[in-house]
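Here chain A shows up in two complexes: once beside chain B, once beside chain C.
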Partner chain A sequence: MFVDTVVEDKALHKPAFLFGLSIAVLAIFFTFNFTNTIFGEFLSPVIGNPEKSGFFGRLAVSFVLTILFVANLLLISFARLKIQILIVWIELFLLFLAFAYSFDLEIAYIFSGQPSKIGLMISKGLFTTIYISAVSILIATAIAIVGAIAKLSNNGFAYAIASFYTSLFRGLPLLLQIYLIYMGLPQLGFMIDAIPSGIAALSLCYGAYMTEIFRAGIQSIPKGQWEASRALGFPFGLILRKIILPQSIPLIIPPTGNQFIAMLKDSSLVSVLGIWEIMFLAKKLGAKDFNHLEMLLTAAMIYWLLTIILEMIQARIERKYQQKT
Partner chain B sequence: MSIKLGFKKSSIAFTALLLSIGMTAQAGVVYDYIKNNNELMIATDANWAPFSYINDAGEMEGFDVDVGREIAKRMGVEARFITPDWGVITAGNWNMRWDVSVGSMTPTEGRSKVLNFPAVYYYTPAAFAVHTDSPVTTLAGLNGKNICTTASSTWEMYLEGSLDMLNAPAFTYKVTPGTITALADGHTCLDDTRLGAGVRNDGIIDSVPMIQGAIEDGYPIKFLGDPAFYEPLSVATDKGNSDAELDAEIARIILEMQKDYTLTSLSMKWFKNADGSSNDYTVAY
Partner chain C sequence: MANNIKMQTNSEDKPIISLKSVSKWYEDFQALKNIDLEIKLKEKIVICGPSGSGKSTLIRCLNRLEAHQEGQITVTGIELHERMKDIDTVRQDIGMVFQSFNLFPHLTVLENCMAGPNWVRGIDQNEAKERAMALLKQVKIPEQADKYPEQLSGGQQQRVAIARSLCMQPKVMLFDEPTSALDPEMVSEVLDTMVELAESGMTMICVTHEMGFAKQVADRIIFMDEGEIVEQNTPEEFFNNPKNNRTKAFLDQVLS
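The block that comes next holds the complex of A and B.
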């Protein structure tokens, strides 16, 4: 929410806006023609056979849908803010479920077998995904701290190496990096297995992005603070640890959290190396009985749930640092 | 799931690399390693039922998996499966990450630049299939149409007219497609065909057992004409770490498995027709 003292009236409670919205929604429902769906069947006592109801049927169905939609919005608008957010979340989620359900899928397949397919994905895949992401995040953070310090230093070698590194690893697609590390390093006589290659690629790629985030965070602290600290006779390391970093961390945390979430999802790219993580199992378990979309949807749900947990943790950390400053 | 770094293997790969700088790797290096380690590492793509897939218990299963286990058994070592992407296997330069590929690979000129093919163990027919509502009734009807298949597969080479199989039964190019839709995952072709005739493709080409499986699973597709060609499928080893002793051992074991009908019975076990009869794909037609 904006920290603003002037709060305007709710737009939904202005008749002109409400009328305009209704017309727009009606036009959309009319264009997409819901006559031959469940809504048409539901209204068949009024409009007769949905197939033959023609223009009148189409208009009637869109009209009813519009009233339902706008009434729903109006009702929600009277609720308290937290309730509003919750209701809209639930409604959007139900819409998403309806969307997935309309694919005409064999949802039971996900729970079939002993152990069930989803059970296999969680017992075999979830651990690997979390393990790979967690290790990569730790290494990437370490790389980012070193990289940011190097990029800010006056040492030509350190700056050159760090900027070359960020340029290279931000400039190549992650999938390509995974292949390069997995197939390229052994050519130099350094053999690494699939999981270490995946972790190396993820850490190096995200380390490069996070280097830039850390650098920007440190740079955003005004020059005067450095000068004042130097004037007090503090050594470099102490200034960084006690004065600069505590102020830049609240700025660094939100984009870093985004990187963690992105990394969790990008760990699916290492499935090409045959690592049995969530994406790999989703693809291969679905392939056996030709139920691809079912398993992909399952993987989607697992990833989503994981990122929701991460988002919550991120929000909590952000709040903690907001109070401090 | 392996978390080890593979230092032992790295040192061996490094030795092999040093040796290969001279000319070729020392005979027996890979085979000795397999014996000493008591483990045959077999690469196979887990995307292809009934050849190689992950079963309900979450374990590898299928015709290729059974053949791989039997080879390891006759070598007197344990079998361990590893499941990289098809493209990673066919690219060669395995650097001893795994020792052999038992994954229904067709020997071709191109692949033989990076891989050795010590023994062909069976032949599968490849056939065209179309949506059940498709107006196309003959193979000639597919000329100029949009055909979908797996990228970098022998089927794609067939569509391009550049199929350079080694020691294969004779065949002719019966279809000249207008567009070739080559997808990384050939299963997506089947899902595209399901959308309707001519929606995303007009037909597909794939191996007969694979299409058979899709039909049994309720996909609205049907075979079109007779199989287009029979492809020999071979065990593959890495040319970068060529080991004549390993190749000879594999050739000996496959010959033995042909002679005592192990391969035939495995084929009969895994390749069933819709009417319940079995196919012996271990002989060339």
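The block that comes next holds the complex of A and C.
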């Protein structure tokens, strides 16, 4: 992407925009009426009992919130880009925490028990989730390479099988695939455990999506590369391995990284098979004392953290491949 | 098979490439019409003709980047057809230089040149490297060996492409408008390389509109129009005494 060298005035620094924005924000705060929240209590020296403050109280609360909000924006706008990003991240995260706090949670519950519930989720659940995702990703990648080559070949069988496969596994909900494999294969006489069926379902489903990514990556390499290789007398496999795939990889990595992240979270679906991964443990541990939300939020945080780590790894790899070419 | 061996070991005046009434269609458009042509070892052929006349199609049929539907094409004693098993070994003996260079962008210049000998000729790393450096010297860019293609000018890239083909030690070199994508000031460096190659005795078939080059090196000039060979002759006869009206019109255009 090209960032233009001419910088426009910041909209926030134009009085007209600032005024319009303030009005709009005020309207929003007024509509949603924060008088009966913690903000109303803060202002009770001015507006008296929030419950009885009526129109004036509601307006005053909205007004103060608007000032705080707009002043915050204005202050951030003077910071350097990196700092801006950091502050906005922190503020949004605090808002998320406030949202969670409003559930009236019993945080201590997460750490209770022997071994502690969070310890169990990390030692058992996190490990299982990572194990299932990592194995599935490896298998899915292998499937995708074979599938992509099959889809590009002019062998009728190979193309038909590959396109039937991608159509079927992209066409069914993953949850359904998990049930079908777990309950369907034993009907054929194959006894299959929960974890292998979970891995099979995830691999097959994501292999189908990644087949399409790999196919598109291979196809986007100019025809001239094939022609030059062919003219040198390179056989097909060599061309693919040494010429085409190395050039496709930088194109394949970003969408593949997204698939990895999506798979990590979709691995929660195998909890329906009773596998002790993060989601299953969250449901199980919370159900005992009806503290569902505490454990679900814990699971949410673990998934989020994992995703952030994966995103950072992805950014690293992308940067490495961009330097090369 | 016995036939093939006899042709390969035969003396120099046997054709290294021969086409017998070759026709080719793209869908229902006929791009080549009944082409007859024989090319001897060490001969230098220049093919010219208006755009869309089938020049690229013709030379791409010679290493079977394109398939012909009728007639026979025999290259280095082996007939090209769709059921052949050893097309790759035939192609290894025929170098091709494209209008758009088609270097491998993820490999350095040196690696581009080593790839063929190392990967398919089975020559070890050191010898392939020596050979590549020798040919990069021959095309006068040994100092660019460790750069990537995109860091080179068009003329330099095309000379690397020539060196890459030569590293395979081909018997024939095919050129498809090797200077058409170049800025004018870079045309001559590529043509000079080609002239030197011609002087070294390489069999060359060049599609080009560089008439100066044609006069200098061609043994024979072939003029094509609408998928046919309209006229072929020595450069003197071709330029001074063109027989066909289409040839005359074409020459008027490119020489004016």
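Annotations for the structure displayed:
What we mean here is this: the second predicted complex is superposed on the first by the 318 of 325 C-alpha atoms of A that agree within 3 Å, B and C clash if a C-alpha of one lies under 4 Å from a C-alpha of the other, contacts with A are read in each partner's own complex, and residues count from 1 in each chain.
Everything that follows uses one rule, which is that a contact is a pair of C-beta atoms (placed from the backbone, for glycine too) under 8 Å apart; a residue touches a chain by one contact, two chains touch by 3 or more.
What you are looking at is a predicted structure, and each value in this text was computed from that prediction instead of being measured.
Looking at the shared chain after the overlay, A:225 reaches chain C, while chain B stays out of its contact range. Of the two partner chains placed by the overlay, only chain C lies in contact with A:234; chain B stays clear of it.
A simple residue count on chain A separates chain B from chain C, and the partner touching more is B.
Of the two partner chains placed by superposition, A:69 touches none, neither chain B nor chain C. Legend: residue contacts after superposition of the two complexes on their common chain; A:284 is shown touching chain B, with no touch to chain C.
When the shared chain is aligned, chain B comes close enough to touch A:274, but chain C does not. In the superposition on chain A, A:247 makes contact with chain C only, while chain B stays out of contact range.
Across the superposed pair, chain B and chain C touch chain A at no common residue. Residues 112-115, 120, 123-124, 128, 182-183, 186-187, 189-196, 272-276, 280-281, 283-290, 292-293 of chain A are the ones that touch chain B when the two sit in their complex. Residues of chain C touching chain A in their complex: 63, 65, 88-96, 98, 100, 102-106, 115-116, 119-120, 148, 161, 164-165, 168. Of all residues in chain A, only 222, 224-225, 227-235, 238, 242-243, 246-247, 324-325 touch chain C in the complex they form.
Remark: chain B residues 1-6, 9-10, 13-14, 17-18, 46-49, 53-58, 82-85, 87-88, 91, 93, 95-97, 185, 187-188, 190-191, 213-214, 217, 219 touch chain A in the complex.
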